[in-house]
Amino acid sequence: MRTGHTHLFIPGPTNVPETVRQAMNLPMQDMRAPDFGDLTRRLFDDLKSVFRTQSGTVMMFPGSGTSAWEAAITNTLNPGDRVLMARHGQFSTLWVEMAQRLGLDVQVVDVPWGAGAPVREFNRLLAADTNDEIKAVFVTHNETATGVTSDVAGVRRALDENFHDALLFVDGVSSIGSLEFRMDEWGVDLAITGSQKGLMLPAGLGILAASEKAMLMSRTSTMRRAYHDFADMVAMNADGYFPYTPPTQLLHGLRQSLDRIATEGLDNVIARHRRLAEGVRHGVAAWGLDLVAEHPSLYSNTVSAIRTPPHVDAREVIRIAYEDYNTSLGSGLARLAGKVFRIGHIGDLNEGMCLTALSVAEMALMRAGTRLDLGAGVAAAQSWFMSEHLAQRDFRVAAE
Amino acid sequence: MRTGHTHLFIPGPTNVPETVRQAMNLPMQDMRAPDFGDLTRRLFDDLKSVFRTQSGTVMMFPGSGTSAWEAAITNTLNPGDRVLMARHGQFSTLWVEMAQRLGLDVQVVDVPWGAGAPVREFNRLLAADTNDEIKAVFVTHNETATGVTSDVAGVRRALDENFHDALLFVDGVSSIGSLEFRMDEWGVDLAITGSQKGLMLPAGLGILAASEKAMLMSRTSTMRRAYHDFADMVAMNADGYFPYTPPTQLLHGLRQSLDRIATEGLDNVIARHRRLAEGVRHGVAAWGLDLVAEHPSLYSNTVSAIRTPPHVDAREVIRIAYEDYNTSLGSGLARLAGKVFRIGHIGDLNEGMCLTALSVAEMALMRAGTRLDLGAGVAAAQSWFMSEHLAQRDFRVAAE
Amino acid sequence: MRTGHTHLFIPGPTNVPETVRQAMNLPMQDMRAPDFGDLTRRLFDDLKSVFRTQSGTVMMFPGSGTSAWEAAITNTLNPGDRVLMARHGQFSTLWVEMAQRLGLDVQVVDVPWGAGAPVREFNRLLAADTNDEIKAVFVTHNETATGVTSDVAGVRRALDENFHDALLFVDGVSSIGSLEFRMDEWGVDLAITGSQKGLMLPAGLGILAASEKAMLMSRTSTMRRAYHDFADMVAMNADGYFPYTPPTQLLHGLRQSLDRIATEGLDNVIARHRRLAEGVRHGVAAWGLDLVAEHPSLYSNTVSAIRTPPHVDAREVIRIAYEDYNTSLGSGLARLAGKVFRIGHIGDLNEGMCLTALSVAEMALMRAGTRLDLGAGVAAAQSWFMSEHLAQRDFRVAAE
Amino acid sequence: MRTGHTHLFIPGPTNVPETVRQAMNLPMQDMRAPDFGDLTRRLFDDLKSVFRTQSGTVMMFPGSGTSAWEAAITNTLNPGDRVLMARHGQFSTLWVEMAQRLGLDVQVVDVPWGAGAPVREFNRLLAADTNDEIKAVFVTHNETATGVTSDVAGVRRALDENFHDALLFVDGVSSIGSLEFRMDEWGVDLAITGSQKGLMLPAGLGILAASEKAMLMSRTSTMRRAYHDFADMVAMNADGYFPYTPPTQLLHGLRQSLDRIATEGLDNVIARHRRLAEGVRHGVAAWGLDLVAEHPSLYSNTVSAIRTPPHVDAREVIRIAYEDYNTSLGSGLARLAGKVFRIGHIGDLNEGMCLTALSVAEMALMRAGTRLDLGAGVAAAQSWFMSEHLAQRDFRVAAE
């Protein structure tokens, strides 16, 4: 029988904070009640802060992040439109597939899994697109499968340098609310996330923000859509309602998670993700293992994808951790299956939790056949956390 | 300040039973864990019992009932297909709109709000469709806006009598799990429901069952779809997984609600809905008010839409109940706004709750200007409940 | 199988409001943590407002109201002390028993069950007590078994008129936080309550307030005590701690319930109890049944004890309500068993709930053999609630 | 702001398992309902298994473990009775104080904090007690303040060897349900525990088991008691009721925790505590720190009390862990304050949690000025856990 806390280190759904969990423990209510908007309207406002947008329009679709992907595409593009996308991990691959299924003409740039969005190649292709055939560029901000964070601002610069007015789509499912993301500053037109990542809720809401330009495009877009229609959603949202029954318990949970983010401060949330991720990476380095991410500039602060040695099946590492130590690690997806396991370090997390992940992973790695010094990864992370703590204290002292 | 239990009598989301609520109060888990299927696979099996299908395939889409509508259409039909639909309430109207938006050629039969699906007219049109241009017939089994239950078996007979092989779509959002619904027996091809009605959960799952014929059609259907694709869903579901992150807390809640239905017995659930609904209708009759449903054969056992007298604004009735008595009644939708209020009597309910609804409604009606004898509706319902109780006891005695 | 909301109309434990329930749904914490006092110290302050005391000391003992009874006695009296008590219901009887067991010399005044504390007889006995042998007078403010509220202020006057300095003990278990109770103004020395009544929490905390005089007596009292010792408790409470592990989830729930009382306003809480109780009493009168309370001046606003007709077994009424209508009514205790059922109308309640109680009770009464007009009690209560509403509105209009 | 899971490593209240927490999230119910006993009666039976008694009588008092201490004493002894007790930690000291306050003539044997119950000295004193003046011997089975488990069976042997029929009281608050405890086999007369330790519930129930001999003594004992009276409790419990309102949510939680213990198997629960405790002790040894417990035979498997080096204030270790790492460690009590911190490893626990405790403690120890190698304690524990795992596997293989 499993005993004790289940240690959850997948990159989503993430650990739900107790205050959020409390808020979701409630009876149903009338989503057409006159005071329902008192709850919902503030959510839209506060979500804008998380997207760092002032001019954007935020929407929440009952569904998953995938649902929000579809909403973004079907409301702003037209059948047969050419779009520029990269494939460098499982989620960017799935996004390409969706775009193709929905009838877009996808110009795919394949780069190695572990690389980021190919900004230079995108720049070249945009420059070559003299007839403005490319209607949109898609960027997976944080490729959850590989633990790679791409340079969205760089893609915006590529667009600007070429005076190209393609829409900029960003999959921020595992970044928004956890990593630096600046919708307005970076000129993102469609920013997509889900409830079960940085927002620390169960899955069930696909959330997106659309720029003014994207909203304008949505008036004339001819792709077929119904459930995901922006116009219906925006019209009902104006008074705080939804075109169909929303998951009210998630909305109450969202109220709490937005309050938490506001209390901690979004900048502090982002800094904490960086600090904790760096601790995990120090541990991985101490093990002598490699990350899938090819370069430190690409390291994701929400998830680390770790390569096991050639003779060690990463699935076995995950199985041991799960069965014997009540710990969920993320699996290697698609071509990374068996070669990679992932540690999600996103959402409501602290140092002790990261050390739990490392200490359990050490035992599982060793039992699966990896040579390593027990405690070495933990020690490296501890050392980092302690130095970070001192640095912060010094910073505070100096600032006073 | 509001005090006391909030009395919820909208036709969905319905009251969540305590055991279901307990089951949803849990931390997140890995939806890719090896034992995740132990939870989910049984859900699919047990849902089949609720749909009363053996050969059908059940799917759950993160989303609302509307999401399941879209899934049903986009997976089994082709752009431009002619479909036969009726409009006799807000939800059937919205369904027509969706079909049109998704590019179907909708042959609409308008009947009065308060009438049921026009079986005879459908029969006539199917007979006239000698070229088999009609690819599907859509029936709103329970029109939640008007409190009308339609004759799905009759539509099946109309198809059969004309040897017509159009698909039969049924919106069972406010019927399945509460009213008599027999997918296999009635030859329903696409049966659609949501989590927040008879299944007594929060909103967040669009649930459907597809017949073998529907599954076959889905292999060749050329409508654009991605999020709602049957093939992806079915492939992943085979092992108990989902193509994207499912709302795990709802799955755990569903486990409990299906257990509840099994324990009570689906036939008993249906009989209870009939008994409680009849009590509410006795109350309405005692008030001298009319139901929107035109004929007793159409009366819905999950929701009663009640017309206020001409000079009484139904919105005022609802407002008083909500503001002064902490009671949510259903509003009149679209053309019924201000003329109708609704009492939802669906899901986890008992006699005392129905009497609460009637007693609060009496006060609200009177204060909004309706002439009635206080307590009269309550007394009529009480009398019915007592006679029903005696009848059941006699039945049990006789059976022993 | 039971379905629907369980209607709870016992006079405690009372219905727990959702916000309180949410607050109690939490993991354990260290009750010796440095910030634990941030939670607890404010509780003591806010409880003082509920007791309406400024100079009193509030304590919370893990236990029931009975536990607080014992704490009050053992800390302030000495073995063999004479105390003056009345017996007029099950709870005053139990209190007498406790006093006797704990070694007090109890001078008992027996009055009929249905009468209140015998102020005049107390006055006479106090006057006769020229040697000041009576060390304490005990008053059951609200006798939960009979639905009788006694005149505590009257007993204080009796003490004052006789210049008698006996301590005044008040059992306010089913009154404090719901009925008018004024510790300082009435000169109460030991006021006792529990968590599961007006404070709307589960059972588990015996709560009391001790006057300065009582605290002084506790320094020299020679009764044996350990668990319930004031000195240990007060010493630890000063920093927000407890001498043994407190039920932390109840403390968090208490935080919420005190916030609710503050938001509604204690005067409004008391007025609401009066309004709702009066509605129930109108219903009882319409049935033609009698309350146990002998005179309107004694009617309790937190519980009504209702006599069934001679030939009707009240246990049968309660059984039917419970088994067939998922409704808990209070039973007749001790000598009232079978003759009385009780409707608790205390705590988190509203009009609809009271009407549920009446409508279910009508069915149960009739099925148990009582002659009455179905709906009559409900109608009387509805009528009262409506007139009250109008009166309040007029009052507000006049005030503007 | 605190983020992430709060790591709780105090020796009670312990971590509440999710299934227990779910079970406690429920509305109030009538504790006098006819079916209430269906819940409670089984609890008494199953608690007997946890106490390992067949002939004993189990009682649950709303209160803390201290409450159960008092119940045990006041029901079975007489004022002035001589009892034999040892003082070797804070809780045994408090128990002595209680016995003195309640009027017993306590013969105290003081032994060092870190030693166990002085079996040989007890033996000597019992041998010398030729007039049978000692009416009871008290043993603190697990001294939570020092992390010492005493030899209860040894004390029983001492009694038997001297043909002494004093009652044997055992404080099993932090042992029963977690450590080997055999009431019948060891001839324990009064065994005491609380809800918030091995039973994995919040505080709120003082639980005890009384032998037939103890029950017999309770009929004639003349100590004053009321709230804690065995006779009242046993009489009501016979039908599943209580003499005052019990904390029903804890009873539902207890149902779950007893089910968990039964599912895991009490022997396995005990073995798990041993395995996890040993892991923690390996960590402590690797740090080069000492336990308070003087000898390995005394090591407690539910809590380790760890001495910090002379120059390191243990309070600082605890403060750092709490403030900076969201981790609650147990403090040094009374004379151990500042010299000792404790790691509770009792209740619902697993390897990952123990490693979290060690890894956080390492950082806190170092920052408070302790010299140690980061990761060293973690590595020692990991190594132990891995060897244990292999040993178990081999055992299972050999057994097949």
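Going by the order they are written in, the chains are A, B, C and D; count residues from 1 in each one.
By our rule, contacts are C-beta pairs under 8 Å (C-beta built on N, C-alpha and C of every residue); 3 or more make two chains touch, one makes a residue touch a chain.
Composition by chain, UniProt nomenclature: A, B, C, D = Aminotransferase class V-fold PLP-dependent enzyme.
Quick caveat: nothing in here was measured; it's all calculated off a predicted structure.
Contact count check for B-D and A-D (C-beta pairs in contact): higher for A-D.
Same-residue interface: chain B and chain C share over half of the residue numbers found at their contact. The mean-CA centres of chain A and chain B are about 35 angstrom from one another, to the nearest whole unit. With centres defined as mean CA coordinates, chain D is found 45 Å away from chain A.
Centre-to-centre separation between chain B and chain D, using Cα means, comes to 53 Å. Residue positions 15, 21, 25, 27 of chain A are each in touch with at least two other chains. Every residue of chain C that touches chain A in the complex is listed here, in rising order: 18, 21-23, 25-27. Within the complex, the chain A residues that touch chain B are 6, 8, 10, 12-16, 21, 24-25, 27-34, 61-67, 69-70, 79, 97-98, 101-103, 194, 196, 202-204, 223-229, 243-250, 319, 322, 328, 330-331. Put simply, chain C touches chain B in their complex at residues 1-5, 7, 15, 17, 25, 260, 263-264, 268, 272, 324-327, 348-353, 355-356, 359-360, 362-363, 366-367, 373-376, 378-380, 382-383, 385-386, 389.
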